[in-house]
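Chain naming follows the written order as A, B, C, D, E and F, and within any one chain the residues start at number 1.
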């Protein structure tokens, strides 16, 4: 009888809190959004299921959670807590990204820089709300709209906020089609939205091969803290473009990135235990995250309009909104909004340029923030 | 999180504005340089083509076209087996 | 000359024991059974080769074996000794299993519970023979007929017996087609074996998606110790059934599970050094393991007959034998034995229901035993 | 392994029977609840279909049918390239 | 303003040395050779890019390089520094190698032994130049012409030289088509080069299955230090030949070997920081490496001619040059040189026999050197 | 690296020649034994065929031919589904 009571005391029901219950519901909502709305399903679904797993109350003394040394989840989460998974994801992204769009239109790269304003404004906002500088840096990076970059920087600057920051980043990335269009319509005139851009030129194989090597050296020298992220991104791209390492590129963009995505999403989800996750801090982080996406979008649009002051061949300012990375969703949003005005205006390829430049921009920002705030 | 007092003093104490301005500048400089590099790429590619003319490529004269899938160890294995099979057939007949 | 002598003293011949020789022969037998009899080749072959590798005598001072910190095999075995590999295997199994058979016939799930009797009877038997409670729990789990579950629990409760328990579990799983049929024929009448069951109903996609989420929450709350195993099992299944994460499911059921299977089988095999493996304990474990498979089979059959007392729509009691997991071999055995009586009786799909329920049942049992005996 | 004396006393000392009985009960309860949950699934699915009618699915009206393979980053890359190629062809002609 | 200065002091430009610059140029040259000359691109390209990454100056206090505990590159390099990656590569090589050529012509195996002379002569040379015995052993193994073996032994005997040894091994392997032909023409007469060899017999499946098991036991007993390397090599081959584990073999020779190759090449490259790499030692190692390849080639040729003294059915001595592994490049070089004399002389399959035997020979040599010099 | 003096004394001190000679011998012995083993393989295979005649193979009489791809868990899943589909079709008609 004692044994049965002991058994019962070890079931999850005994320790279940209201917070755990809420987090499990949130996990289910994430899964539902992934399946029904198709919002970034490759990440929201693993995170959602992980959140359910992480909120099954664990038994005192049994190593079960991502925070208990020796548990299975601990070893899986190791790739997150040490920042190992994000560069491996970037390797796969590099091996699947065609940078042609950017190579044929270098001036659009600057839009990818402008959108990083979201990061730095949010950093100031987070400081204002009382976060330490390191925490503020990690929160700001949500505005980079890049899950792996956000996880990488958080693991270095504010591991205790990693769950909230990662969830915020991925949630808003999933919501890009909801967040961006109103801002885009508000900040552009109909005439601007109708601007057509000329077809990008074709890029030679030689250029595609020279690009990752040179671009890596430039960015890594300027921000060595971004070494791991941009190194893997451009390494993956070189594997793809070299023409002689196709089998490696293929593995990087299939088996490797998929394995890492599964383990990263699941264990980030499992790190959101109500006890550490449901805090006022998390609420503030979600608020700041939403603001950062808006600021980033607005900055991209504004800078595009600013550039038009000097350009003969005008840019459609909508393209600036794609400077927040969220590849390729924000580029699609640009295409969609432009097509609403003129069904024959194809901006997708032009939007891809600031879109991938934004990935680079936020990786550089992460490197800079790590070096200044992490030491 | 330290004390949770919403205040501009926190920003001043943390050097927030300076960090943001310098950070943003660095990001701009980095992407500007990348953009310049990209703008120079066609010239750089042309220069490379001069020192190492595409024809120097041991696969033949179509060097700037995408080369075929890597002749990996696995693939070459297959080649070898194929060669061997062909050879055996010839020597047996 | 000294050097040559030193060389010779470092060859394996010098240290080779009779036990090592025997284990190498056993390894060869495993490989032969895998190849000639096709008995669970994906596991018996790696284990067999691993056993050969593990019984090459190692040189004093050279880190070679799975037990020598710093050796290559040590790092590979880490996934076994920390219980990391079994959940990853379950992820892949989840991503390849269609639970339809179970969803269309929920009462058959209870047969998967009944067969776990083998675990608990064996636990008592092991205690009787003088094993400590923790050891007895680890030995009992052999009756679960699930290799990954057995390895997981042994790594937590009795790491020093892991090799023997894992080998026993996989050996008897391979021998299911030999062990089960006589018991099945003994315990059922010809009339019972002729019972036909009606075709299972078709299951909708919505149900298939709702199942893993709900079933996970239920089982994990009741037995949090099974969190890692059932979490990964149902996570994998959700990846498969969601319809939006097909590429992740594909990787989980191919590259990931294959890589882990290779490393798990090989390093479990390599852990069977004669010096630690050839003990009276191991013999007892093999004896208890055989008994547990028989008890499990008998319990499944008996419970099916018991259920028939109350059911209008009778179950073919053979299906109860599939409650021991050993997926899908024991379901096939059911199909085979039933067909011996009536070539037109197709029980395979019905047998799959208790079969996959048995996987769940033994994972829950493992969670319970870990929480009670592991603290 | 402690002393290797075959004896029922070991079982008593280790609480073997109680552990087994309770353990078996828990396994049964767990699978019984799963079984009940499965029995309720059709109703639960119907309920879900009510709140979120399959037609709400942004892929179109065939929501309860298996959706096509994930629109992964890789796949969408391909889409984009396809779109671009189509676009270039149009604008060149 | 202070902040901006601090930022600038953390950019790579500040710390860039002439050595780093040189290493970056070398990295670019490696990439160019891989792409333009197709020299072992699967390794030279990752190593080249890694060399660029490793020579971006790191910031004091930021863990970035493979040598900084806690950095991403540190964890990736862990597989190199602990010798874990090389056996995994051998697993994949085993799963893609068809040993038929060797099984049908066992006497050619001895040529794979003879070519290992390069290892031991180089060892003496390295000692002569003042390297310690352990260092000399690690340098000697370059003559084995096997990247993974060289990395494995260096990680055990001389981790501080690992980068230089690995780079030398892969560089010369890539240069086999340049290094070997002159030596081959110098040491053989035209008449010898015209020798035709009879078609190899066909090998049965049974033999192919028995081979890896027996050959493993023999080599591992003689040189237990080679356990991990030859164990994985023959394990992979058994997975391939057994006929019942095809899916495991498929994963071993695609996803697994590709993932490991990417991580190994990249992190070995990144270990070549100018500060530790650009030393007189490295220069000597490159010199010794070149010598070892020449000696190995010459030994193989000489031994083939020596064997011909006793054989009725003469060997074409060119085949001896394939005893240096560098699979399959050196076998192709044999084919090419033979065809220069007689376009209808097909030696490829015959050359594959000493070629794969050479892999085995250098793994045995590594095991022996580790046991004698590593304790 | 200790002192960087090029000298034969280093080799003597390190036992270089003895190590090399013995090492080379071991490599030769190992590959010689492998070579002998290979030479004996046809006989060994014939012996195996005697104890376990290829027909004993449960896949049928063609045992020495390469068996088809592993009947892996995944594959067998497919088999089962196929069997089930066939069964459902039969029982419905």
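The rule is short, and it goes like this: a contact is a pair of C-beta atoms (placed from the backbone, for glycine too) under 8 Å apart; a residue touches a chain by one contact, two chains touch by 3 or more.
Small disclaimer: the values here were computed from a predicted structure and weren't measured.
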item: If a chain touches subunit B and subunit E alike, it appears here; value: A
item: Farthest chain (mean CA position) relative to subunit A; value: F
item: Most distant chain from subunit B by Cα centroid; value: C
item: Type of subunit A:subunit C copy interface by residue overlap (half), same or different; value: different
item: Centroid spacing, where centroids are CA-atom means, of subunit B and subunit F in whole angstrom; value: 38
item: Inter-chain centre distance, subunit C versus subunit F - centres from mean C-alpha coordinates, in Å; value: 26
item: Overlap residues in subunit F, where contacts from two or more other chains coincide; value: 15, 19, 21-23, 26, 67, 70-72, 74
item: Residues of subunit E whose C-beta touches two or more other chains; value: 3, 7, 35, 38, 41-42, 222-223, 243-245, 247-248, 254-255, 368, 372
item: List of subunit E residues in touch with subunit C within their complex; value: 82-84, 87, 91, 209, 213, 216-217, 220-225, 227-228, 231, 234-235, 238-239, 242-245, 247-248, 250-252, 254-256, 368, 370-372, 374-375
item: Subunit B contact footprint on subunit A (complex, rising order); value: 102-103, 106-107, 109-110, 112-113, 116-117, 119-121, 123-124, 127-133, 135-137, 204-207, 210-211, 214-215, 218-219, 222-223, 243-248, 280-281, 357, 360-361, 364-365, 368-369, 372-373
item: Subunit A partner contacts - residues on subunit E that touch it in the complex; value: 3, 6-7, 10-13, 16, 24, 28, 31, 34-35, 38, 41-42, 45-46, 49-50, 52-53, 56-59, 61-62, 64, 70-73, 75-76, 254-255, 258-259, 261-262, 266
item: Touch list for subunit B against partner subunit A, complex; value: 1-8, 10-11, 14-17, 19-24, 26-39, 41-42, 44-45, 48-49, 64-72, 74
